[in-house]
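Paired with subunit B in one complex and with subunit C in the other, subunit A is shared by the two complexes that follow.
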Partner chain A sequence: MTELAIRARSITKRFGGFTALDNVEFELRPGEIHCLAGENGCGKSTLIKIINGVYQPEPGAQFDFSGQEAVGHITPSSAKRLGIHVIWQDLSLFPDLSVAENICFDAFVANPLRGIGRAQKLERAQKTIEQLGVQLDPKARVGDLSIAKRQLVAICRVIQAEARIVFMDEPTASLTQKETETLLQIVRRLSEQGISIVFVSHRLGEVLDVCERVTVLRDGKLVGTFPTEGMTQKKLSTLMTGKELDQTPRAGDVDGERMLVLKHLTRRGEYEDISFDLRKGEILGLTGLMGSGRTEIALSIFGMTSPDSGELRLDGKEVKFRSNRDAIDAGVAYVSEDRLNLGLDQQQSIADNTASTVLKELSQPSFFLNPKRIRELCDLWIEKLKTKVSDPMLPVSSLSGGNQQRIVLAKWLATNPKVLVLDSPTVGVDVGAKAGIFEIIRNLAKEGMAIILISDEASEIFHHTDRTIVLKAGRVARSFKTSEVSEEELEGIINA
Partner chain B sequence: MLNRLKSVEGSLFGVIIALGIVLSLTTDSFLTVQNMFDLLNNQAVNIIFAVGLVVVLVSGGIDISFSITASVVQYVAVSLVLSLGGGNWVIGFAFAMATGLMLGLVNAFLIHKFRIVSIIVTIGTFNLFFGLLMYFTRGRSIYDIPDWLYYRIPVFEFASATLYLPIVVAIVLAFVTWFFMTKIGFGRMIVGFGSDPEAARRSGVNIAFIQAFAYGWLGLCAGIGGLMQAHIVQEVVPNALYGRELDILAAVVLGGAVLGGGRGTVIGAILGVMLLAVVQNGLNLLGITPFAFKAIVGLIILMAITATNIDRLLPKRAARVEG
Partner chain C sequence: MDNKGLFTLLRKQSNDTLELAAMLGFLVLCLAAFSAIAPGFLSAGTFRSMAFQLPELGLLTLAMFIPIISGGLNLAVTYSANICGLAAAFLVKGLLMSAGWASLPIALCVGVGVGAVIGVMVGAMVAYVGAHPILVTLGAMIFLRGLGELLTRGGDISGMPEAFNFVGHGSLFGIPMPMLIFLIAAGIVLYIMQYTKDGFSIYMSGSNPEAAKYTGINVNRTLMLVYGLSGAISGLAGILMLARFNSVRIGHGDSYLLITVLACFLAGANPFGGFGRVLPLVVGLMSLQVVASGMNLLGASQHLSTAIWGGFLLLVMILRSPFLKKN
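Our next item is the complex of A and B:
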């Protein structure tokens, strides 16, 4: 048997009275791609932080690295000396520095007084970029790069720092399918070079695809480490949540009245000749690769941009929105993709965020805002969407990803919309919370709301929509009843 | 090369040259050695302040107290050497640098230790230092300064015009700052910290040290600048530099530094100072009433900032919303 890259045993961590990790074991083989799975709050990040020396475990924990027992505390710098690196979800890059300088940054920190010439930095960076076989301009400013490219810079940076073990925290959360595939290829290449990768991801499909083994945590306890061979998404989510999730596809025959009609809608450079209907009670999947125009169409339906030509009809009447205020008044709600930045004001209270779309209504007839009515509205939606909130006056930032997403939904549902556009509503949300959000969406459709679901995850589109429209380069490439295809076929169509 | 021209520094340089050509054609006295040397001599102190300030701005902070630091340093330094019986340049420099550094570290300490936003801390120390200075001096100026500080030190003569010591000091400080900001890893750590403090912390950057260095360096520059200012005007007036901080701040921002940190260069800061100087100089030579100066300078600052931001305001087709 080969020596393990990491063997960690009897890891327990308490925060005050709360046990975040309870006697957990973790093993990693050299060159292995390993997945760490579990719902939010299950202890994944705590485990990563312990192995990287950010947190100290309770006494009794044992660590072997490459067969050698670790003596004393692990500190962040001793972890780095052992070649253990983390790529955090926010990537921790420097937007104002060049790609080359980001890649070499750890050398600056290690040796602040050493002179480093421009040519030398470029050469070092270039070598790493070539080793990974990626396309990056070492002179580019990182702030000007797409998230996918920044991800590559972050990987180059740990490789430059001679990483042997790399933890990747949700590396694919903000990538499209195509970018994800490129990333996974690189991960495989690293593993061939003997570097072990630990992957944390909520996208179970890709986890099963790329990883050899998966370690599942639930509520701070180890559920087990399983080979991914023979594992299905359904089985894995059952292991993670401890319950069976209902995921029956929708029948797809909705014959409510036409709520939203697009006829030959065109906006130059963004989308062209888009026509479709959306009926009351229907969930329409809008999918396609990055740049296919899905978000752009949604922004026009929501009045943020105006189409150059074509017709947009809402509830039988033609509409021309001058701004999103018009669209909101007409009954359109749009839940943006970038929930954390655009959808919510993180510092404001849960109640204020919920009320933010209907302030005018809440201040009638007296002109002044009535705090009691804000509270009532907030309580109503907390109950309706089963949001876990201890106190509505706390800032939104105190909630988990899944619960934040519910507050965004509540905020828009408070406007009583006829058409709800959801742009990638489950990005960065864990399995259990995802299921909860889709339950809400399906109930809304049952109550007669017309819903557009933008997503590039085949399994979401497959399970939760009635019809699917696939966009390609700003045009409708295909349009079909979702139940006519299988999940695998759908996956192929999206990525074609 | 084209990229260089497109950068803030490149366009500033272009504007200065263009202004220079216009002024050379419209006035007799602009393009003379005497006027050029005067310009440099007069801007030495501003350049010293600017190269110190740009380090703080790049590190993501702001400091408006440095002009008061300079005032305090020149007053205390001159009083001290007088009480020592005269002193000399070595004592003067050593004392100015040490006092300036110390006052800068006070800012850094408050900002780092108590996590107060830098603008608030420095508004506080600005008032505190200035208040104490006025209280203890009762606003009295010192006219009788030591001989070594009084007599100008010529460094370079050409066509009966002379460059004096302060501009040499400014150039040395600018060179040192440029060197550590761009040529060694430490400077990149300052930029990195200004660009994303959390990422810097996770990379093992010693944040306390970076902040102490940035504000300390500005304090040190301010101290030297204060000494040079006293040397140039041959007197110490406690409120002479009051208000200078905003001019320097505007000049450094003109030079491409960003209030959020992460961006800014020594060359840009100097060019920003020189642009405002050439404008003032031109207005003087053209015989425009000094009462209009402030307004015109203000207008130019607004125009230049708008111009450097214009590409961000124009709709971008290339950078589409992802999705």
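Our next item is the complex of A and C:
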């Protein structure tokens, strides 16, 4: 038997009275691609931080690295000496430094006085870039790169620092399907070079695709480590949540009246000649790669941009929105794909965020905006959407991704919309919470709301929409009843 | 462990309550300290003189507060006040010397109106040109100063009708007029900021303008309102200064400029916008005035009280740091 890259046993971690990890075991083989799965708050990050030396476990924990027992505390620097590196979701790069400077950063930290020269940095960076077989300009400023490229810089950086074990926290959360594939290829190449990779990801499909084994945590306890062969998404999400998730595809025959009609809608440089209708009670999937025009169309429906030509009809009347306020007043709501920056004001309170779309209504009939009415509105929606909130006066940032998304839904449902546009509503939301969000969405459709679901995840489009429109380079490439295709076919169509 | 319990208790309170409690504690502390060391501090006379001195700084601080909440700054408050006073003084001296009491409301409307117009123009620059408020208001400040000096040739315009004297030095129901004006203005600002949809929009635009825009808040309109209000209050301060000194001189009150910023931050306004309440601001201003009057009574230099004000801000930052870390 080969020696394990990491064997960690009896790991327990308490924060005050809260047990984040309870007697957890974790094994990693050399060159293995391993997945660490579990819902938000299950202890994944805590485990990574312990192995990485950021947190100290409770006494009794045992660590073997490459067959040798670790003596004493692991610290972040001793972890690095053992070749353990973590690429956090925010990547921790320096946006104002060049690609080469970022890649060689650890070499500089190791020896700040005899820092390496510019030419040497470029040379080393170039070598690493070639080793990975990626396309990067070592002189480019990191801040100017796309998220996908920055991810590659972060990977190059740990390779340059001679990593043997790399933890990647949600590496694909903000990547498109295509970029994700590129990343996964690189990960496979690393594993061929004997480097072990541990993935933390909410996207179960890719987890099963790329990983050999998956370790599942639930509420700080180890559920088990399983080979991915023979594992299905459904089985994995059941292991993670401990619940069977209902994901029956929709029938697809909706004959409500036409709520939203687009006729030859065009905005130069963004989308061209887009025509479709959306009926009451229907969920329409709008899919395509990043840059296919899906968000741009949504922004025009929401009045943030005006189309150059074509017609937009809402509830039978032609509309021309001058601002999103017009669109909101007419009954359009838009859940942005960027919940952190655009969907919510993270610093402001949960109550204020919920009320922010309906200030005029709350102020009627006088000029008095009663804080009590804001609270009542917030409490009503917390109850309706079963959001877990300890105190509505806390900032929204105190909530988990799934609960934040419920607040976003609440603030838009408060406007009583006829058309709800959801742009990638499950980004950064874990499996259990995803199911909850879709339950809400499907109930809204049942009550007669017309819904557009923008997503590039085939399984979401497959399970939760009646019809699918695939966009390519700003045009409608295909339009079909979702139930006419299988999930695999859909996946192929989206990525074609 | 006791300390820890107290700390958790404090952390459970909302930030608004904490800031107000801190400012009240601060005021009580200042009052207690000066009653102990300054003989004759606790007298009606002291409080009367404070009530006459505070309102100028108070009004200018209110004018600074609203732009700070919106994530900006209005460096032009003092010179806007001067220009508004000047406009009113020109009008009164030119046309209304014989109008008696009627000159007062007209001057008030002109002053506040001119201030509002200046403010709305500044706000439009900030909103539609997209320049940083510091740059726009710095430009406006220097422009207004130059304009004012040009119009007055560096001198002052004085000799207002008797009615102005009442506003500057009279009392109504035993409350000095300047204080009454300040309290009414503070009340209006409190109402607008905390109990109207426009105020709500100012807070939201201040902490995340992009999210506010996506929520359907007209951020550009909100910014014009912010600077319009700020200008109008500056105008009111200008009229009050005109009444107190019976004259206008460009540059009067310019030493208050940074003190108004200090007072806003002292009372918990977030330098990046979005947070800060009116009540702690009013209480905080009162404690600054108590320090100034107390030091004056002790015969200390006025500069010493300025130094103490600065020290207070530093101290408050240190006391506040454990609460800032929780986010």
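One rule holds in what follows: the second predicted complex is superposed on the first by the 494 of 496 C-alpha atoms of A that agree within 3 Å, B and C clash if a C-alpha of one lies under 4 Å from a C-alpha of the other, contacts with A are read in each partner's own complex, and residues count from 1 in each chain.
By our rule, contacts are C-beta pairs under 8 Å (C-beta built on N, C-alpha and C of every residue); 3 or more make two chains touch, one makes a residue touch a chain.
Here the structure is a predicted model, which means the values were calculated and not measured.
J.: Just from the overlay, do subunit B and subunit C fit on subunit A, or is there a clash?
T.: fit
J.: Go through the superposed model and pick first if A:T232 touches only subunit B, second if only subunit C, both, or neither.
T.: After superposing on A, A:T232 lies clear of both subunit B and subunit C.
J.: Kindly classify A:K360 by the partners it touches after superposition: subunit B alone (first), subunit C alone (second), both, or neither?
T.: Second partner only, subunit C.
J.: According to the stated criteria, A:Q68 is in contact with first (subunit B), second (subunit C), both, or neither; which is it?
T.: neither
J.: By the touch definition at the top of the document, which applies to A:D352: first (subunit B), second (subunit C), both, or neither?
T.: So A:D352 only meets subunit C here.
J.: Here's one for you: vertex at subunit A, rays to subunit B and subunit C, all C-alpha centres; what's the angle to the nearest 10 degrees?
T.: 40
J.: Once chain A of both complexes is superposed, is A:Q120 in touch with subunit B (first), subunit C (second), both, or neither?
T.: neither
J.: Would you mind checking which one, subunit B or subunit C, touches more residues on subunit A?
T.: It is B that touches the greater number of subunit A residues.
J.: Given the touch rule stated above, what does A:Y334 touch, subunit B (first), subunit C (second), both, or neither?
T.: Second partner only.
J.: Now for A:T295: first (subunit B), second (subunit C), both, or neither, which partner does it touch?
T.: After superposition on chain A, A:T295 lies in contact with subunit B alone.
J.: In the overlay, answer first, second, both or neither for which of subunit B and subunit C A:A107 touches.
T.: first
J.: Could you grab the smallest C-alpha gap between subunit B and subunit C in the overlay, to the nearest Å?
T.: 5
J.: Using the superposition on A, tell me which residues of subunit A are in contact with subunit B and, in the other complex, with subunit C.
T.: none
J.: Provide the residue numbers of subunit A that touch subunit B in the complex, in ascending order.
T.: 76-77, 80, 88, 90-97, 101, 105-109, 111-117, 146-147, 269-270, 290-291, 294-296, 298-299, 337, 423-424, 454
J.: For subunit B, which residues are in contact with subunit A within the complex?
T.: 183-186, 188-189, 191-192, 194-196, 198-200, 202-205, 261-263, 317, 320-323
J.: Per the contact definition, I'd like the list of subunit C residues that touch subunit A in the complex.
T.: So the residues of subunit C touching subunit A come out as 14, 194-197, 199-201, 203-204, 207-208, 210-218, 274-275, 327.
J.: Quick one: in the complex, what on subunit A touches subunit C?
T.: 304, 323-325, 328, 334, 336, 341-348, 352, 355-357, 359-360, 362-363, 367-371, 393, 395, 397, 411
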